[in-house]
Amino acid sequence: MAEQVVGAALDFEGWTCPLPLRDSPTVVMGHGGGGAMSAELIEHLFLPALANEAPELLGDSAVLDLGGARIAFSTDSFVVRPLFFPGGSIGDLAVNGTVNDLAMSGATPAYLSAGFILEEGTDLSVVGRVAERLGAAARAAGVSVVTGDTKVVDVGHGDGIYLNTAGIGLVPGGVDIGPHRARVGDVVIVSGDIGVHGVAIMSVRDGLEFGTEVLSDCAPLSGLVAAMLDVTPDLHALRDPTRGGLGTSLNEIARASEVGVELDEGKLPVPDVVTNACAFLGLDPLYVANEGKLVAFVAPGDAEAVLEAMRRHPLGADAAVIGTCVPEHPGMVVARTGFGATRVVDVPIGEQLPRIC
Amino acid sequence: MCLAVPGKVLATWEKDETPMATVDFGGVTKEVCLAYVPETTSDDYVIVHVGFALQRLDEQSALDTLELFRQMGELDAEFGDHWGRAADQAGLPRPAGTAEPASATPEGR
Amino acid sequence: MKYLDEFSDPELARRLLDDIHQTATRPWAMMEVCGGQTHSIIRHGLDQLLPEGIELIHGPGCPVCVTPLEMIDKALEIASRPDVIFCSFGDMLRVPGSDRDLFRVKSDGGDVRVVYSPMDALEIARANPDKEVVFFGIGFETTAPPNAMTVHQAHRLGIENFSLLVSHVRVPPAIEAIMTSPGCRVQAFLAAGHVCTVMGTDEYPDLAERFGVPIVVTGFEPLDILEGIRRTVHQLEEGRHELENAYPRAVQRSGNPTAIAMLDDVFEVVDRSWRGIGMIPASGWRLSEKYRAYDAEHRFSVTGIDTHESTVCRSGEVLQGLIKPHECEAFGTLCTPRNPLGATMVSSEGACAAYYLYRRLETPTLRPGAAAPKEVTSVG
């Protein structure tokens, strides 16, 4: 990966950044896919412009010292379409997405903001339903929405509703969770079935619709994380694999910690219906989004106890060990296939698209 | 090319005078055009590519193929591989890398 | 999923592999034609499990990879027009044209939509009578019948704002071209299973005879591929060169006669240029006279396109099995899935992409006798 020049002025004429965005001078859909293009946009366009001393800009949330308290702070925007999908809505995602980002730092999420961007002409009853779901999700997650904003844009500019939430929570002492903290020997644990949310969304997406009973797994993970922290405050890395899926999250941690990750494909908890949906669309479950799952990197001595604690919690009942951190191939994730051979699990480029070949 | 998967026909119907089916791919159902296999009925399995059934899956053939694979290991265990067998029959030394025949009772693998 | 899971059974795979190991006494090189087979082999690591002398040469069976550059550029031009809704399979969106791809066109305001089936594009045409809907009809013989039926329906139902940009290719002429190309090392073929589901197997015995190569019709699941390889190794060891069907649950000798009849009605055979390989006679299809009105090339006169390929890209040699992806000096450096120089790095089952995504761990040595890397005189 090219090194970025943090702090250099962003010069659109001459691109001082050593590895300029090569693909396109305009924004393309791939930039939002959560894969390599999104990462490049952040690293080569946003970070140089925003350069500051905070070290953990690439984690799910930022952990900051403020007047002696350690506060986790996170934001997320929600542009999902359709607004209501099997098992959830943009309102649920907006709350749980930010709650989960905070929980991945070990914080207890406390307060949220909610910014609405509404397209002119949107049915007010739709806005009302979204707000109701947002409120219900906040109560279920044990957080309060304490501030917000509303803007309206012209017809044709908003896809109905766009939402942004930001949240804060306190990080307990002795907790230092981050993507750079994985170590060789760590055990990789996933909290349950993967690929569920992505399949639920795709089943109602224009041009791809299919019938299925899969419901999004959208859920707040702060309770699960608290149960894990009860076993040990020294969890190394946590991530909720949303866009880009588990494969992307594992790569991010492998790179940030400079360790190799070895996965046992046979141990990945993929429900049959996700396997089948992916088979007929030509997708890989490792890159399909989740909204109520986490992956944890845990010291080997703590792994068994943490796994048991997860399994006792309703959102971790199907938790499973899927791999380990190894000294070989640092920064790379490699999977052992069901036949005993190996393959690299890379970061997807942009969005995963259905294929015919 | 040719990502085509087998699925089970749940129901057949017509659209624009063209035979169609609802096909189940193991928890995922999709509307599929049956124009190329119009004799398909419910409970048949079809091979589907980009929303079209291209052929009915020959279930007996599938079972026969799997049975052939299962027997492969057992036959080898009982008789040794076929090169070794051929060598034995010809009274020649066994080629390098071939297995000795197992004992008379075949071991299950 | 029934009839898929059973064909991934690792225990049965072990038995097939044992038979291959016990049967092979010398090195053999075989080509799997279909990109979907390449994807499955690399994804499951099946080639890592074969005896060391058995080599799988990855063939040009990736319609995304071989769609001519001129056709891609035409697609991009048509998709850029304001009155057009351009529909395509997902595979084509990142294929590089001379200076951009369909993603860029979308970003610049073009209405580009991914669909699962060509019939979805027809529905879009019905729902948008004031727009011209164009479907990018790429693919081998497997995809041709769905595209043919869609045009047939458009014609029958009088949906006139629909047209097809056709770039279909056929397998048997490709096999012939490969076997007659200098430097060819292919000793057997794993024929494309789903192509044969449609077309049957009658086009192959003659090729097997003429070139003295076993041709084994092979499926896509791990056990299907191993079985195809196993039967091929047996033929090679026994000095036979016949057509065999190792995918009988989906392939009959006569194929699907209804589909073949539709292809005869809707398409006619033409010479076609394969990206990276060149012109192969009688290797493509275009819409027949009866359906010419639905031909997007006919409807949108696209002129003034200046096509230029990367001078560094060697995907043509990869597609013919003359080199392996990592033997190209641009592999992994100038050319990556992020910044592909050629289609073999873009398509999910292009050999270069498959090697990059799944195989960067290994650093295989150059095969003895592989062509020396070309001089790099300019970049892209």
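A, B and C label the chains in the order they appear, each numbered from 1.
Note that contacts are C-beta pairs under 8 Å (C-beta built on N, C-alpha and C of every residue); 3 or more make two chains touch, one makes a residue touch a chain.
Predicted model, so just to flag it, every value in this text is computed and none were measured.
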item	value
Centroid-based (C-alpha) most distant chain relative to subunit B	A
Central chain (distance from its CA mean to the mean of all protein CA atoms)	C
Result of counting contacting C-beta pairs for A-B and A-C, higher pair	A-C
Mean-CA-position distance for subunit C and subunit B (Å)	23
Inter-centroid spacing, subunit C versus subunit A (mean Cα positions, whole Å)	34
Whole-Å gap between the CA centroids of subunit A and subunit B	39
Numbers and ranges of subunit B residues touching at least 2 other chains	1-3, 5, 7, 25-26, 49-50
Junction residues of subunit C - those touching two or more other chains	1, 4, 35-36, 62-63, 89, 116, 120, 139, 143
Subunit A, residues touching no fewer than two other chains	272, 275-276, 279, 282, 355-357
In the complex, subunit A residues that touch subunit C	22-24, 26-30, 36-37, 207-208, 272, 275-276, 279, 281-282, 329, 332, 334, 337-344, 346, 349-350, 353-357
Residues of subunit B defined as touching subunit A within the complex	1-3, 5, 7, 22, 25-30, 48-50
Subunit C residues touching subunit A - in the complex, by the definition given at the top	1, 4, 8, 10, 13, 35-36, 39, 42-46, 48-49, 62-64, 89-91, 93-94, 100, 103-104, 106-108, 113-116, 120, 139, 143, 222, 337-339, 347-349, 356-361
Subunit A to subunit B touching residues, read off their complex	199, 203, 210-214, 272-273, 275-277, 279-280, 282, 355-357
Of subunit C, residues touching subunit B in the complex	1-4, 6-7, 9, 11-12, 14-16, 18-19, 21-23, 25, 34-36, 61-63, 89, 116-120, 139-140, 142-143, 145-146, 149, 153, 157, 192-195, 197-198, 220, 223, 227, 248-252, 256, 258-259, 262
